[in-house]
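Paired with chain B in one complex and with chain C in the other, chain A is shared by the two complexes that follow.
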Partner chain A sequence: MNLRSAIHFASAALALAFGAVPFAVASDTIDPVADAKAFQNFFTQKFPKLKPEDFVNGPYSLNEDMHRQWEEKEQFPPYEFALDLGKELFAKPFKNGKTYADCFPNGGIGIRQNYPYFDEKEGKVITLELALNRCREANGEAPFSYVKDEMAALTAYMAFTSRGKPFDIKIPNDPRALEAYQNGKRYFYTRRGQLNFSCASCHVQNPGERIRAEILAPALGILNGMPIYRSEWSGMGTTSRRFTTCNSQIRGVPLEPQADEYRDLEYYLSYVSNGLPISGPGARP
Partner chain B sequence: MASTIRVRAISSGETTEVQALIQHPMDSGFVKDANGAIIPPHFIQELTFEYDGKAVFVADWGPAVSKDPYVKFSFKGGKKGDDLKISWVDNKGESDTTTAKIQ
Partner chain C sequence: MKIALSLASILLIAAATSAGAASTEADFKTAYAAAEAANKQAGALRNQWTATAQALADAKKAADKGDFDTAIASAKEAEALARASTYQATSEKEAWKALEIH
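For the complex of A and B:
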């Protein structure tokens, strides 16, 4: 068989495989537990000096200079104003007299580590941001923008009350949950945009390296610090803002915030960071 | 509304270390909004820290200082429990003042 026909044969076989088993592209079976273990091992082996909980502080754990700057910054963190606003908003009742606390288990305090979760009734992933806006709409209030300002302030406060609690994302025994997980994983590893980068190109292959003046954060623990005050944005941003901005920075067209793909991605990325503590709100350069 | 100024002043005997974070847009006047209209300049021009009736730190600021600025400095003297007065004035004539206890 010459080379050309070998390639033809191989691509035909691939096409067959894709057509026949749509959710088994990367591996034969979906095994989130093994995935998370492999994912965490990859990072701990790549950065043998770091403790698992160091990863939640992103680039600050990877560079000594930045670590010193960060320690100083944390004494007087730039997200303080947002945190205060979040606390105020969270306590303020809606027009009907109810509050956010009525929409969440445990009154919304110390629950960040359980989001996003898979809702078996709806068959979809529910993120904290989505749950907050649904809470507003259910009480007759207009939803907030998903990317910054009030939404970031509210999630900052909710993350702050959950600091130190390990991520505890569950995948229920429901084929749709596994599918959402697998969709998120596929989104994470798929290249897109004019630069043809996947999320993994930067955050798995190159954490600790520079992209222009920035130091790339490891994907492990990257959501634990959300929402973040970014000096580059001179303001707060949510997970939605991080995803959409990442997509436009690789010169792709971002999806709508809280699109199904982003929710699945958040589900996957949070699941593989299970066990790492919540450190949000964070500050990033 | 809560104060726009956050201060922490810690005395170590001889010197007092002061950190402050100020909430202010610090618009330079060179930036356009989403509709293409220029955002008018709006920035702090003078920032003063006073201790015992005397200015210990005065900053003449301009449009190049970033949003929500952060300042850190130390001065000789300052006793635990004493007051430190902080005030700023911006180019629109707006101002804010707060007093912090030295810790």
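For the complex of A and C:
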């Protein structure tokens, strides 16, 4: 090997070494800000006619006929009963005289956009549904089912008081928060169930397409409209109900509602929709 | 020749008996335990399939009726499904990144 080729070889090796390291690090780096930007860009480019805030109305924004149906539906919204029940439950004192308002900042009004949050004391994600049940338990009441009407009604009312406020999910400077975010992201993209689907298979790769009679919603803004009245369910559904049902639809055994995985998933999905307005409670086909 | 024919008959009868031998409860229990262990492994990875649960339930139902052939077939199906779900969870530990939006 002469001197010139030795220099070339050395430079190539150096370039490879220095070039390869940042790339490897970049692919494994957790960067929620870049993720959210890429996530929102992906959907706005996929659906260039939609304004960012349109995504919070799910499939109703993707199809003109459905959009007209939705506008008519909104005149007498099917979630109205849940809203009334939620308002009543929210105001009704517990046996000890306290109410939900005592458990939440600003008396629980107009705060939906800040949930879920990362609790640095506990080192875990706290969703609104979980916070509501913890409030009940702290006041001597039995927790509500995460997938039934009372929880849907309460979260519907709380979401309603936040309508129009942009999702504002924070990731504190705590490695555990970043890990929770990353776990949620991994859960979102991981294929599972006998059908080998991930959340992204439907809500990233195929929004706007039909799966049987349904039009799939985009993942962007998908939680802004929660809880939802689903015609398919003939009733209201919480985020927990949505996650567990998605799992069983792909023939996976759902995890228990509010399992760490679901809490992290909600954290990730909410964070990447930051800036989009809360539209819940929503109605879906 | 006569001896050869008798020998052939004996072999034939023996083969038929072994092929058609009804499965026993013990065979079922072995197959079911293997399927349950495989499904437990999938559970540890938080990735069980509903199809596995259904096949396990079918196996138990058939066994309760004394139909151990069907019960063993369902248990073996459950084991195969459970192993597939474990494979899925293991391979997805890295494969999920291919779907990520960049």
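Some observations on this one:
Here, the second predicted complex is superposed on the first by the 259 of 285 C-alpha atoms of A that agree within 3 Å, B and C clash if a C-alpha of one lies under 4 Å from a C-alpha of the other, contacts with A are read in each partner's own complex, and residues count from 1 in each chain.
Keep this in mind: a contact is a pair of C-beta atoms (placed from the backbone, for glycine too) under 8 Å apart; a residue touches a chain by one contact, two chains touch by 3 or more.
Just so it is clear, the structure is predicted and the values come from calculations on it, not from any experiment.
Once the two complexes are laid over each other on the shared chain, residue contacts for A:271 go to neither chain B nor chain C.
By the touch criterion defined above, A:157 lies against neither chain B nor chain C after alignment on the C-alpha atoms of chain A. Touch criterion not met for A:167: it reaches neither chain B nor chain C. Looking at the shared chain after the overlay, A:84 reaches chain B, while chain C stays out of its contact range. Once the two complexes are laid over each other on the shared chain, residue contacts for A:255 go to chain C alone; chain B is not touched. Of the two partners, chain B and chain C, it is C that touches more residues of chain A.
Contact residues on chain C toward chain A in their complex (touch as defined above): 46-51, 53, 81, 84-85, 88-89, 92, 95-97, 99-102.
By the touch criterion given at the top, residues 2, 6, 8, 19, 21, 23, 66-68, 70 of chain B touch chain A in their complex. Those residues of chain A whose C-beta lies close enough to touch chain C in the complex are 27, 35, 38-39, 42, 185-186, 189-194, 196, 198, 200-201, 204-205, 248, 251-253, 255, 261.
Within the complex formed with chain B, the residues of chain A that make contact are 75-76, 78, 80-81, 84, 231, 234-235.
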